[in-house]
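One chain, chain A, links the two complexes that follow: it is found with chain B in the first and with chain C in the second.
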Partner chain A sequence: MPNLAGTKKTVLQLLRYRASLAGILIVLAISLLALFAPLIAPRGYAETSTVDMLRPPSAQDFFGTDMYGRDVFSRVVYGARIALWVGLLVTFIEASMGITLGLLSGFYGGIIDKAISAAGDMVWAFPSVVLALGVVAILGAGLTQVVVAIAVVSWPAFTRILRAKVQSLVNREFILAAKAIGESDFSIMTRYLLPNLMPSILVVSTLTLPSAILYTTALSFLGFGAQPPTPDWGAILSEGSAQLAIAPWVATFPGIFIVITALGFNLLGDGLRDLLDPKLRI
Partner chain B sequence: MDSDSTLTASLLSVEGLRTYFNVSEGVVKAVDGVSFNVEENETFCVVGETGCGKSVSALSIMRLIFHPGKIVEGKITYKGKDLLKLPENEMRKIRGKEIAMIFQNPMRSLNPVFTIGSQISEGPIAHFNLPGRDAWKNAIELISKVRMPDPEIRAKSYPHVLSGGMRQRAMIAMMISCEPSLLIADEPTTSVDVTIQAQIMDLLLDIKKKRGMSVMLITHNFGLVAEMGDRAAVMYCGKVVEVGFVEEIFREPLHPYTQGLLKCLPVGFERKKELEVIPGTLASPVNPPQGCRFSPRCNRAMSKCKLEEPALLAQGHDHLVACHLYGGE
Partner chain C sequence: MGALLRYSIKKALIGIPVVILVTFILFLIMKSVPADPILIIAGDRVPAARILELRREWGLDKPFLVQYFYWFSKIMTGDFGYSILTRQPVSYLIWARLPYTLELTVPSLILSYVLGVPFGIIAALRRGSARDHLTMAVLNFFYSMPTYWLGLMLMLVFGLYLGMFPISGASSPSSIVLPTITLTIPFLAYSARIARTEMLDVLTEDYMRTAWAKGLKSRVVILKHGLRNALIPITVLFFLDLPWIIGGAVIVETVFSWPGMGNLLYKSIVRLDYSVIQAIVLVIAILIVISNILGDIVAASLDPRIRIEPEKS
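The block that comes next holds the complex of A and B.
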């Protein structure tokens, strides 16, 4: 008599394992695509050709060509560079802010915590895309501005998670013991709290990265991000959306890549969380 | 209060310490006017039930009381310095180097992400600017001093691979690393089993003898007091009710609470029908009873006890008691 509940559990665990494996493979593939873009892409991302306009996908151009005769496959491959670069940059900025502010507010509490939390709540009170648009409107369009805008609207999440984690650590006895041995606040934060935060930082980072990519593509789609001819996925999608009826491939392929990339990072992040935070496992 | 029977400077003297916690239920007077001295080279025990303010007194000495707690009043003099008036950076130099503290739970007192060796190195690096390599060597030496086998391998172990007793040894090594003059041990053996308890205590006594430091042992275990202590203070509900030499407290306990506690101990091999108990529960530190705080549970309480708080007064040689039964008016 097979143990049904046990089997179900194993299957679920296996699925979860498979999912994170898929995540790892996707992230690896996208990273390789970005790293070796010049080798993989058959043509330059800005190479136009008046004779090759709007050709459907074929063995010659895998993803077809757009209205300027540019190879969509090449543009999507180079787009991976932009997506990853922006994602990493935003994640780095957010992690730096989150770690600093989370440590300060979790460790000191009181007025510092209140001020940082209030600032975070204020940012969260706005619809994030609208706020990001506002920031871009002030700074002007462009990828760098987009990175700043995304960091501005999404730092509270990172900060909050780390603050909560610090709060749970700060009352542990080993922190008291560190104080009793005469450690300074700074070394308690950097040498005692920070290393214990690493798993959370890793998990939150892998989940921040795809959302940063989605924000970038969204802002680029709206025309505030990467400016032509930069092959940002969102920008390609936006350009292609005009000819969706006659040349659906131009918009479809970058869309698929956006989805796959975000999915891959999310799967990886979930897998990491299961691995690093056994308490969440049921 | 004329409780200063020894006017020669003690290593540590606590006078009229009051540490309160502001919580939503009111003000918890965890420590409410506590005075005692710790002399050089002695083992001073603080005994009492859970929640009587032993640990809070110790943390107050280290100035490790945090929100919502507050040291409201009192004077803590260590080697002639008033610790409560020191700026925080001066106090940090005292912690670990002058006064160190071992905590109840060795499981949770070690940083889970660093090796034992690097944690033991931490103190000397902070206080003496010892270079990392020397600190590591020093740590290995300390690990062998606390009688852990294979010090070099142990130094590279993480806390989770060690047993409770081993972790407490590591903790002791960490806390004696800066050669403090006073080691506060807050129930160092409550979370380890009895055989290990004896080993740890033996180790502490040995280190104390070799280093000539003083130990302030906080415990609820009278057996440990009898074994280890030179002098002891008995606390009840945030107050010291009796202080004296351990032999004297055991031979002739004065305060009814101390008498009650000692009666509760199982003695020898004879089987009593039932162990004695002190009736009632520990008085609420938010709303302590008027007069003597022990009076509602005391079988010898007089009408005066419910009205007037007894002061800690000398009864014989260095034996102080706070009880109206001995009011030598």
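The block that comes next holds the complex of A and C.
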């Protein structure tokens, strides 16, 4: 049930927080960059040139060129598409798993809850990077595999938070009333519990996205993610790290964009949390 | 102390079946990997009959569980087999590198808590002030920074431009400086965030209101009633974070060519050196179980409720 007056109030309050405002602006700017990449980028992301190799940043090529003579600015601009796409995809998978498992676990309790929680604890205890590397070792390198790997290792965070939320709701009167009038379990979960989970889901999703971007770029940096000439920020950084001494700009600029993007989503997520669900632990 | 000792022993004993379970899952996963170790060793010019023979020699024709018990009894004696790549015993490779990883991760973990927690506490006490906002903004910035990029930038500025520290390897004593800073910064931001949340939580508790209402000095309220309670979950998280910092070490060690386990893991995954991967993952799992047990014990010693009350169902 969308509450327009409430929504307007939320947006206004959000704008009042300068940090959240900065977050919104960053997210907006990166989204526009991704959306209009072909218009903004002066050259194609894979366009090589034998005469323009390793040129430092200048008015002509803002971020310089890499060892193949490709324009780093254009590659970074196209990279925004990959970062956002992968971030959204991972977040979507994690949210779907988190919502489903969190609802089942919190609503039914008992053995279902025990099994889901135990599996989650086990995955959670393990360092995500190591686990994701393990998954990639089995599945092979590639952006799709990395998305799967990160979703496989990060779902417990989402699930835990939603499970706790469901547990705090499940004995409330409106749920008992729903049971009393004979609503089915499925109906209670989707029509009664889910709408009440929406604020938390929004907050957790916003904060999951930047960590998804950090993980994918990390795996791409290590060479397991996007393969050349894909302009993934982590992959550009990785190529640049080999020429750090002679062409530091190749590694510097994609990193700045990763930081700005992650920061934007983190600021926005923190702002949303303070407004919608201040007690949420994430 | 009787209750605490009993509790500690109980927790430590639970660790054993967990480790055994981990070895089983690990074996299961490694068996389901498509790569056939015999074909890797033998190559494709070896006749089929010889391959069958090799399989028998290595015990790979036995049923799954028999193979598992064979493997398990071997790793119990520290025998993880040989690296396909270097032909060295895996246990030797790990023992040579584990100290480097600990040398990097343990100081980072301690530094990030010692520096991060006060930041978080101060931000929480000054909630809503300019100082809180500034602290949180800086921490958020660190928190959003990819470790490998931070490492490269430190390398560039302090190694290549200023020439203050070596940029890779572990050949001189000052080699550890840049990797440690790189690993510490994101964890510092993380622990400060946690400390702020926990402290904010405690500040709104009823007993805090009571303490204020009694007219106690603000120093007593904050330090004795607030901080002491907030430090319990923060201390426990310190132990639970050990595995996370190992994950960070994989990236930092790779960036700085630091000869630790993380770097070895990275190289082994690139070259599909399964016996090494298996052993490292097991070592990490054991470290996690140990740090979890330590976390539980520390929590119980700080908070009597945990060791007296039975676990919540």
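Going forward, the second predicted complex is superposed on the first by the 261 of 282 C-alpha atoms of A that agree within 3 Å, B and C clash if a C-alpha of one lies under 4 Å from a C-alpha of the other, contacts with A are read in each partner's own complex, and residues count from 1 in each chain.
Basically, a contact is a pair of C-beta atoms (placed from the backbone, for glycine too) under 8 Å apart; a residue touches a chain by one contact, two chains touch by 3 or more.
These numbers come from a predicted model, not from an experiment.
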When chain B and chain C are modelled together on chain A, clash or fit: fit
Which of chain B and chain C A:241 touches, first, second, both or neither: second
Chain B versus chain C as contact partner of A:74, first or second or both or neither: neither
Partner, of chain C and chain B, that touches more residues belonging to chain A: C
Partner chain in contact with A:205 - chain B first, chain C second, else both or neither: neither
Contacts of A:110 with chain B and chain C, given as first, second, both or neither: first
Partner chain(s) touched by A:270 [first = chain B, second = chain C, both, neither]: second
Partner chain in contact with A:125 - chain B first, chain C second, else both or neither: second
Nearest Cα pair across chain B and chain C, whole Å: 9
Shared chain A surface residues [contacts with chain B and with chain C]: none
List of chain B residues in touch with chain A within their complex: 62, 64, 67, 92-97, 100-101, 103-105, 108-114, 122-123, 126-127, 171, 174-175, 177-178
Interfacial residue positions of chain C with respect to chain A in the complex: 29, 32-33, 133, 136-137, 140-141, 143-149, 152-153, 155-156, 160, 197, 240, 243-244, 246-248, 250-251, 254-255, 265-266, 269-270, 272, 277, 281, 284-285, 288, 292
Of chain A, residues touching chain C in the complex: 18-19, 125-130, 133-134, 136-138, 210, 214, 217-218, 221-224, 234, 237, 240-241, 244-245, 248, 251-252, 254-255, 258-259, 262-263, 266-267, 270, 281
Residue ranges of chain A in contact with chain B within the complex: 109-110, 172-174, 176-184, 187, 191-192, 195-196, 198
